[in-house]
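Chain nomenclature is as follows: A, B, C and D, assigned in order of appearance, with residue numbering initiated at 1 for each chain independently.
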Amino acid sequence: MQSELQATNREIMATVLARDLADGEWVEVGANLPVPRAGVLLAHLLWGPNMTVMIAMTKANVLNEPVIEEFQLITDQRATRWAEAYYLHDDLVENMKFRRKGVFFAGALQIDRYGNSNLIGIGADYRALKFRGPGAIGVCNATVMNSRFHLVVNAHDKRIFVPKCDFVSAYGWGSGGKDARTRLGLPGGGPRYVVTPLAVMDFEDESKRMRLKSVHPGVSVQQVLDNTGFELLVPAQVAVTETPSADELRVLRTRIDVQGALRN
Amino acid sequence: MQSELQATNREIMATVLARDLADGEWVEVGANLPVPRAGVLLAHLLWGPNMTVMIAMTKANVLNEPVIEEFQLITDQRATRWAEAYYLHDDLVENMKFRRKGVFFAGALQIDRYGNSNLIGIGADYRALKFRGPGAIGVCNATVMNSRFHLVVNAHDKRIFVPKCDFVSAYGWGSGGKDARTRLGLPGGGPRYVVTPLAVMDFEDESKRMRLKSVHPGVSVQQVLDNTGFELLVPAQVAVTETPSADELRVLRTRIDVQGALRN
Amino acid sequence: MTTSTENARPERSKRIVDIEHALAQVHDGMTVAIGGFINSSHPMLAVRGLIKRGVKNLTVVGAASSGLEIDLLIAAGCARRVVAPYVGGEVLAPIGPAFRTAVERGKVEVFELDEAMYYAGLRAAAQRVPFNPWRSGVGTSFPEINPAIKTFQDPINGETLLAIPALNIDIAFLHAAVSDPYGNVQYVGHGYGDRAIYAAADASFVQVEQVVSNEEIRKDPLRTAIPGADGIIRARFGAHPYSSPGYYTEDQAHIRDYVKAATAWAKADDFGPLGAYLDRFVTGPADHVDYLERVGLRRLLALDEY
Amino acid sequence: MTTSTENARPERSKRIVDIEHALAQVHDGMTVAIGGFINSSHPMLAVRGLIKRGVKNLTVVGAASSGLEIDLLIAAGCARRVVAPYVGGEVLAPIGPAFRTAVERGKVEVFELDEAMYYAGLRAAAQRVPFNPWRSGVGTSFPEINPAIKTFQDPINGETLLAIPALNIDIAFLHAAVSDPYGNVQYVGHGYGDRAIYAAADASFVQVEQVVSNEEIRKDPLRTAIPGADGIIRARFGAHPYSSPGYYTEDQAHIRDYVKAATAWAKADDFGPLGAYLDRFVTGPADHVDYLERVGLRRLLALDEY
């Protein structure tokens, strides 16, 4: 366990995601994704009272909840008790105008240097996969239709960060270039951050190659490079990831993550 | 006014439509269409307890209503009081599988010998119409997706029955032939009857040309031909349209059309 | 971005706006949608307001079956183009008289389509795709008289279909039963095609008979048809002369008066009665309450459903 | 067609059927859909029944996010092809173990698509068009690894889109809260994607926790999600081991036992534990009540939501 004043890496990750969110944005709180969940709620409670927060496919009103209980499963009916509205699942996935204000968080089995990612499986031959993944869920679409997305993974290693994804289920910046998406008719937001237990990466403006943005406290640049399977752009100065303020940490621990999912 | 035992032409028209309906079929009761409305309800009350009857965009349960009040406007909220379910209007118009059991009733400004019809307007030039019609509403689609449809008009004259429609908003049998619809990928049901105040027409099996089926009591074949703007097929024997039974007439007058819309 | 202490928690903004604020978003040439269905649920503060402000050259997307609210916009010269599968008032007016007249005289262009094509186009807009395919209409005059609708071979089976282009809406105006202050809108009944219009629009303003508490909305969240209108407009009797389900029926006498005035223009080329109608009920009233007073409280309270 | 006198009015037929009647409609090789969402609302009488009857070579259309009910059908050898954007159990099983194993070993083919493509395909079936267009997925591996999805140029603007083929369903099995005897089905909550599955299916059988009166349904007709299922199956605890919103939560211990058994097959190629699970809970029980007794009433009544 960490001291009362020191944030864990996962609390830091959540805070990075929170600080990217602006009031009025539309975000989904997935189940079993404690880091994005905490990030979204942190932004919502502290500076985003007009964010639309979707929990269990409902538009949830949790702004004044003293403690926002965490649910393990997206189908937990108890998580619908804050609902102001339901999103029929097909409307959620097909009505796309509201997603222009949306921010999405995606996981991945593999991520390449341009932020393309894979949830389908591992192997050279799709008909003979070495490892079959869970499937793309709604990630292919959500990473296109929202204003931007962040890749968030629970590990930082060369199995995840690969030179080339075996399959691409969510398009990032293709083979690079700032027009990589608009050339294909895809909205230009794309992946903004890649957040791992070691570091935060973003994408260089012109080439859209992945670039180290900051390392978490106690992590060295070399450690990140050693665990990344492709050449990461590294700026002259690499900052240390900003940690949550005392206020943020208090809200995280007393209202959002009382059970300590981010502290274990 | 007619005698107690004699049916009016509009009651006869309703009965013709009723007798084409089978139990289990899906039908819309439009507002301000008293003849099809009465036909649908007659079939439903007498031999179609499992028909789905849509009133005011609801699935209505009227089977045991002593008197089924007539509403003038499709938006009359009072007509929704029998609802078991609502059809969201876009689902009604886009979810098309249930319409395989559906039967539809269409009006028209013009009808040609192959049952093509027009609700758009009259005139050689679409950009300079002599008469602008109300628009096709849902008729273009409903005449394709339901199992069959009937054309029902309140007048029988050469303005309606024309050699060629100025515009076709509902496809019938095109330029003829039993495969006229399936050739275009349209389901093959198409128009079955054309019901007017003078007569009932159907379509000859092979050519799909319009054919006189029966004349209403007191109407001569010549009267029909004189009021039709194209050559109607006339079989050797033309029947007189069957009139409602005493039971049917009683149900029409005491439960369905108490206000007498079909009797004035 | 700023943080706050628990003592000064950020508050959620109310979305209740004045009708004039909403109307100020509309500029000449925009595509504006008007919800409801034939004789019900039209956002009449918005319709009269657009006319009063003299907005021009609108592309007006009506309801799947539009009523005489579109006719009124045409009569007043606001619409250059109408997207609607029907414009009329059922038994009160089989065809909108101003619609008929303006189209016959070439003053208004119709984007000719049927209800299924209409929803295919709205859905394409909501889905952010350029078109949706539809089968019905193959073999008819639609692709001829509406060149925006293309006949094409589908890429899967090679079947002949129609491509219905996306019907993108800049601003939608709707009328519903209730909303909370945050734009969670609920209807009595299903709200016709209003949901589909909302989904296709970049912004939406919803008139409501009543603003209710957030707690009231949360008692039945499944009923929330619109989870976040951009603006909510207080509008008791705001659909008048059309019905508002659960609140009042249509004012048939008022509608017939309008139809009579518009028919004089259509049949006798006499704009006088229509001009008088517009003066009295649209441009004349200082605000919505003034309009309702001109209609008369006795008339309004006679419109009970039961 | 026969008429009747008022004394012998025709009566409406009830649609309550036995599960075996519903299952008898399914034949080898058909396309069958299973509703619900990950760990909730799966029609488990149908799933276990299909296995018990030894149906083979099914194309199984799962939910937009399918759970381990699909894994079970795969484990039992019923499925030749799976249409599902996800098969797993969230924290209980990040990937369905039998799904993973069967796909890696080439025993089951996946119709690879994401949730938006899934609904585009279901909607095409409901609309009776051969495909629907979708934008997301352009540039990804989907059209490569699923050759049924075609890249094409849209006929309106020439933009590059994907054509998602119609996902026609022969028979859909769903699980809901209540229905009246006539097939008017209502959910607690929104029922996930069940409505879209229903609309894409030629026939549908819906398990319900409870059959209620038609009058009860008519108290809130807006809540009727399925206006006429072909058959209603009485099924208290019929989603077990998955949750049934408003009735009970998922049985995590039971699900974990299944995952353990299926993982033994996946990791150690040992079908023993999975065979034992199938014997005990699927092929062994004489009927649904026997299944529930094997689970145990104490366990079932411990699954309260609050």
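As a working rule, a contact is a pair of C-beta atoms (placed from the backbone, for glycine too) under 8 Å apart; a residue touches a chain by one contact, two chains touch by 3 or more.
Everything quoted here is computed from the prediction, not taken from an experiment.
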_Using C-alpha centres only, name the chain that sits farthest from subunit A._
B
*Return the distance between the CA-based centres of subunit A and subunit C, expressed in whole Å.*
39
*Calculate how many whole Å lie between the centre of subunit A and the centre of subunit B, each centre taken as the average of the chain's C-alpha atoms.*
57
_For subunit A, residues that touch 2 or more chains besides their own_ = 80, 86-87, 94, 145
*Residues within subunit C bordering two or more other chains*: 123, 127-128, 134-135, 159, 161, 189-190, 222
*Classify the inter-chain contact topology: is it line, ring, star, complete, or other?*
other
_So which chains actually touch one another? I want all the pairs, not just one._
A-C, A-D, B-C, B-D, C-D
*Give every residue of subunit B touching subunit C within the complex, in rising order.*
31-32, 57, 72-78, 80, 86-90, 93-94, 120-121, 126-141, 143-145, 167-171, 174, 184-186
*Where on subunit D does subunit C make contact in their complex?*
127-135, 148, 150, 152, 154-157, 159, 161, 163, 165, 189-190, 222-223
_Touching residues of subunit D toward subunit B in the complex: what are they?_
1-6, 9-13, 123, 125-128, 180, 182, 184, 199-202, 214, 217-218, 221-222, 224, 227-228
*asked:* Applying the document's contact rule, which stretches of subunit D touch subunit A when the two form their complex?
replied: 37-41, 64-65, 84-88, 90-92, 94-96, 99-100, 103-104, 106, 110, 112-120, 122-123, 134-142, 144-145, 159-161, 188-190, 192-193, 195-196, 242-243, 245-246, 249-250, 305-306
_Under the definition above, what is the set of subunit A residues touching subunit C in their complex?_
19, 22-23, 45-50, 52, 58-59, 61, 63-64, 80, 82-87, 91, 94-98, 145, 245, 247-248, 251
